[in-house]
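Each of the two complexes below includes subunit A, the first together with subunit B, the second together with subunit C.
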Partner chain A sequence: MRAAEDRDPAGLGTARAIGFVAPALLLVGLFLVFPALWTLYIGITDYQLTGPAAAEPSVVGLDNFATALDDPLFANSLWLTALFVLGSAVVGQNVLGFALAWLLRRVRPALRRTVEGFVLLAWILPGPVVAYLWFAVLSRDGGTLGLLLGRPETAWLVEYPMVSLIVFNIWRGTAFSLLLYTSALAAVPPSHLETARLAGAGGWQTVRDVVFPHIRGHVLTNTLLISLWTANDFTPFLLTAGGPNHESEVLPVLIYRQALESGQLGYASAMSLLLLFGNLVVALVYLRLLRRRA
Partner chain B sequence: MTPGWVVRRIGFYALVAVVLAFFAVPMLWLAGAPFDARPGFGLRWPEWTSANVHATLRHPFAVRSLVNSLVLCLVATAVTTAFAALAAYALSRVRIPGRDALLYVLLLLSSVVTGTAAMVPLFVLMLQLGLIDSRFGTALVIAGGMLPAAIFILKDFVDAVPRSYEESARVFGASPRQVLGHVVLPIARPGIATILVWSFVNAWGNFLLPFLLLRDVDKQPAAVLMRTLQDEGGSANLTVIPVFSLLYSIPVVLLYLVVNQRYGFRFHGGIKS
Partner chain C sequence: MRRTTIVLLSVAGLLAGCLGQPRGADPERNADVKDVTLTITANAVAGGKNARGADWIINWVIPRFTEEQKAKGVNATVRFEQNGAGDEDFKTKVALDFKTGGGGDIVELDGIWLGEFAQAGHVRPLDDVVGKSEVDAWDGWRQIPDAVQGLGEFDGRRYGVPMGTDGRVLFYNKKLFARAGLPTDWQPRSWDDVLDTAAKLKALPGVVPLQLNAGTAMGEATTMQGVLPALAGTGTTVHENGKWQGATAGLEDVLALYQRVYRDGLGDPVLQQEAKGRDRSFALFAENRIGILLESDYFWRSVVEPRTGVARMADRDTAVGWALIPAREPGAGVGGQDFVSMSGGGVRVINPNTQYPRQAWELMRFLNSAEAVKSALAGAAQVTQRTDVNDEVLAGDPMLGFVAERVLPITRYRPGLADYPKVSAALQQATADVVAGRSPDEAARSYHDALVKAVGEDAVAGG
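Entry: the complex of A and B
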């Protein structure tokens, strides 16, 4: 009922309503829309942070994109980003989040609240703090992991940088999947679970044949969102800064280092476009799913 | 109680214990190291002392950076909440021309243009506006990034409020201003509280934007000082960093406890599922 929905019950009037929306749109336009469009332009120039090309950048067309395609560092960072997203989000957070939601359904409330509390805290603490906590755990100077495994001299962040980042991000982000799957599981009809139990189905069979068909939409939503967030996460910079020797240089870190450390603003912008484009594809798929469900 | 059942129970609790340890162990360091006379990276029972706390409070930038964080966060949170509330109400109740397209674009923007993807143009924009090292400017950039999502969450809340409340008030002769102040605002309070907490926690932990836009250590918030302290290296910073991390985490932990106590951490309906 469009007409009833839009009858403006407070008597605001269209002009005043536009005035209400304007301040938000101004900030969004200035700090989101404009930068996104500007990326397109900076990406085709040789704009630099310092030097002659800083004052008078010139348009170089698609040179930056051609350079990026030939740049082994760019290919390397794409591969590492894919690994990071696949390992820590699509598999790690998804599986651990679901497993926890499923296992914690019927444990005592106190235990459940304790586990959930720690998982949520890992999600909510400030990024720089959790990065430092893991820097300490993985340190070669008597970090906790080295002490536990009897290898106190191992510099985990140097020897296994990508594995460290993936484990860290699973720890950091599982909370969202846990929350989402907990609310999804609450919507699975108990009678179906009961039927499965009476038919003698094991835990795995129940999940696959009874639970999964009910939460398929949630799995897809969850996977899209956490993949997008993980691909855009800048926290790896705080843990390894891309090192050692580019071994953990995911795309956001590469963009930062090219732009601010090497001063190649035009080139970094061309690389950001790929990230923007990837985000756009994921977001369009997500919105289409939402619309179909509504 | 068959043997198989007992084994499965033991396996189950062992699994839960491992998961619990995985999540808890890195955090426990934050409880011990700040008060340990000989703090190290590893987890251990501390030799209790308050010397680290005093050293941190005397540190030239520690307290100042927390104040900077607070200023940055309060401005970003206030702007986000106020602008999002106004926009969400108008978008929920009035059919502005082009509204549906606008909502669609906002929803797209909220996830597509992240700080990471737009860091180059944001940096250049602020550089050219002369707003590098401006705390107020940085707060506005952070607010701009949070606004689309905030508008959506709030619009969900406003959509759920029956229109008959406002209509009755109008029938009794209330002006639009009175309707908003005395009817809509009180009903929308839970939604506004949600946005306040959400945007505060987001802005408080934001590292990338202040790192990019605030280069003067006098103006840097706690998020960036954490990085600076870590980079300085040496054993001296192990007296300051643990206490500082704890101080920096306290506001977020307190908010979390309050929200958890009052509302519980659950997703409701349409927002995120």
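Entry: the complex of A and C
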């Protein structure tokens, strides 16, 4: 009797259990497993959008991966992606999100709600709308930023493409970190903060020695999520299209351009696999850090 | 373990079956049905890009054709799928449409895409899609000059019906010329002439003297309105004797020309690197802020056109001048010519996936009838595919008359080969490098390497 319960704790029986998970498995298979295998397969062919290889693609094995690793454009874009993730997510959104959450802790609720509302707005607006707004801000034809700084003719997106993208992404993505840290800070026992204050700890000391140990898990989770989102973010394409001359061509943009503009579907699939692999490595590192804490 | 292998193999086999598509269908299918739905896809949108073409399809083609069919007892519904995208984006979209078995029944393409689309099996010869006897029976072919018909052919087979052709010239702003004390009746004889004139225009504040399309952001516009006319001016075309031009002397001259334009401040290098640079060059010209611009007659017809253009110039007829593109020096051009140009043009193809091939061909003939071609012009002029229409309409427009009489006899067409887009992309990158400050030598070398990688060592000349 006990053995049977161990094998079937829900008491459904095998057939019904399969019936229950089947829809979910089907969806996962259709939208996750199949595309992943499909990408894997295309990645080892010379499949193209047009031309003879579109009609009769042939398997080229690992050539695409070798080409990518040897391609200066790929190296360039790997470096830019790292810069983008580090600058805008790991440092930018993290620090700004935490700073806002920390500072907004004790202000009047009305002010806090207002600030949070604006930060959230940047997050929930659709990408193309946001891109259009930033185009207007950074335009060299009397863009807002140029006018404010007295340099109305500066083409920010051409002269400082990566800086523009990083600032843009910090602005766009800080909301998530702000929300997460706001709730994390609520979990820090007020008595600890009070003790720190009585012991004469300054603001930074309190954050470092009292708050941080409590929210370390949150910091890691947050950093993991925003790193992965940023590494896969396609919005840079809307602002600079990878230009000028590949100076802001982060990996998703490079993959898109290779796949659809140059029509190299096979090559681009191989590169997206490499991106996926990179993401996995980053995720593993974070998970290890998390586990060490536990 | 063995079971895993079997599963993996069968998955791979399943996937392999999905790449590429089964081809070949009956031209007779649905030939006699009474309810027909046809879709026309074009990169034209009412109130935006190519608005005149869009308005024509909506207001003229669809009602007339529906009516004509009704008289025959056929209930035809014609839809128009409008697009207002950049040429490269439109190409991507259409290629994906074809690839996935969708897309309009009649699709307007740039003639230069035909080769790669045909090789991919996205489009098929008209003979196969609608039947040879049907195609040959059309009397319209006689009105289309052979050179223009070539735009719709690949490997000697007809894939579509051309929509006319165009020519490239140097457009210049006569008002700026007058302000700089230059004669407003201008015809340069050499590259130096052009550069000297541009140097004089530089004295005008806020004016970009000479914009020569460059860089990758503009896509094919860089090749067609920049590199290729310049290359023709050095006496070669991009594909000669079965080989693509690598780092040849001609190509280095072209890149040196780019360097002179952009290093000496005659052109605006930033404009060439912006995501929407070409649209901006149109707007700047219309605002009297660009002196000389190498463009196709499309610029005259659809950009600065005073009523429906995307960057209207109310005083176009008096303010915009045009001149033949000179060779590097007189006689140095391709074929020993003093002046050169490049031409292209659109092509309408029938989607091989269409449910109604016979009716689509009927709509195609309708779109290319003399009456329809004339009405598409809506009183404006354009070098159309039909000689009978051209004879009638070009007399009224000095610019297009100039293209028909002076440009078309000296022009060249791009090679309709599937590798061309890769070569074109490499050429764009070479100009981008020069604009960004690299030396022509260096840019030519990396171009050569990229070309060898793209098309193979044997197919490249020079270096």
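In the analysis below, the second predicted complex is superposed on the first by the 251 of 294 C-alpha atoms of A that agree within 3 Å, B and C clash if a C-alpha of one lies under 4 Å from a C-alpha of the other, contacts with A are read in each partner's own complex, and residues count from 1 in each chain.
The rule is simple: a residue touches a chain if its C-beta (ideal position, glycine included) is under 8 Å from a C-beta of that chain, and two chains touch if they have at least 3 such contacts.
Since the model is a prediction, treat every value here as computed from it, not as a measurement.
Undergrad: In the superposed arrangement, does A:87 touch subunit B (first), subunit C (second), both or neither?
TA: After superposition on chain A, A:87 lies in contact with neither partner.
Undergrad: Of the two partner chains, subunit B (first) and subunit C (second), which one does A:183 touch, if any: first, second, both, or neither?
TA: first
Undergrad: Is A:28 touching the first partner subunit B, the second partner subunit C, both, or neither of them?
TA: first
Undergrad: Return first, second, both or neither, reflecting whether A:47 touches subunit B, subunit C, both chains, or no partner chain.
TA: Both partners, subunit B and subunit C.
Undergrad: Is A:268 touching the first partner subunit B, the second partner subunit C, both, or neither of them?
TA: First partner only.
Undergrad: For A:260 in the superposed arrangement: first (subunit B), second (subunit C), both or neither?
TA: A:260 sits against subunit B and subunit C alike.
Undergrad: Quick check on the superposed pair: does A:56 touch subunit B, subunit C, both, or neither? Answer first, second, both or neither.
TA: The second partner, subunit C, only.
Undergrad: Scan A:103 for contacts with subunit B and subunit C and give back first, second, both or neither.
TA: Only subunit B; A:103 stays clear of subunit C.
Undergrad: Between subunit B and subunit C, point out the one touching more subunit A residues.
TA: B
Undergrad: Should A:155 be classified as contacting the first partner (subunit B), the second (subunit C), both, or neither?
TA: A:155 sits against subunit C, while subunit B stays out of touch.
Undergrad: Give me the intersection of subunit A's contacts with subunit B and its contacts with subunit C, in residue numbers.
TA: 38, 42, 47, 260
Undergrad: Which positions of subunit C touch subunit A when the two form their complex?
TA: Touch list, subunit C to subunit A: 11-12, 15-16, 18-20, 88, 92, 95-96, 99, 113, 116-117, 119-122, 215-217, 270, 273-275, 418-419, 421-422, 425, 432-433, 435-436.
Undergrad: Spell out the residues on subunit A that touch subunit B in their complex, using ranges where they run on.
TA: So the residues of subunit A touching subunit B come out as 6-14, 16-18, 20-21, 23-25, 27-28, 30-36, 38-39, 42, 47, 96, 100, 103-104, 107, 111, 114-122, 124-137, 139, 141-144, 146-147, 152, 171, 179-180, 182-184, 218, 221, 225, 228, 232-235, 238, 252, 255-256, 259-260, 265, 268-269, 272, 275-276, 279-280, 282-284, 286-287.
Undergrad: Please give the residue numbers of subunit B that touch subunit A in the complex, ascending.
TA: Those in contact with subunit A are residues 12, 15-16, 19-20, 22-27, 29-30, 33, 40-43, 79, 83-84, 86-87, 89-91, 93-97, 102, 104, 106-109, 111-125, 140-141, 143-145, 147-148, 151, 163-167, 170, 176, 179-180, 183-184, 201, 204-208, 212, 222-224, 226-227, 230, 241, 245, 248-249, 252-253, 256, 260, 265-267, 272-273.
Undergrad: Can you check the complex and tell me which residues of subunit A touch subunit C?
TA: Subunit A reaches subunit C through residues 37-38, 41-42, 45, 47-57, 140, 155, 157-159, 239-241, 243-245, 260-263.
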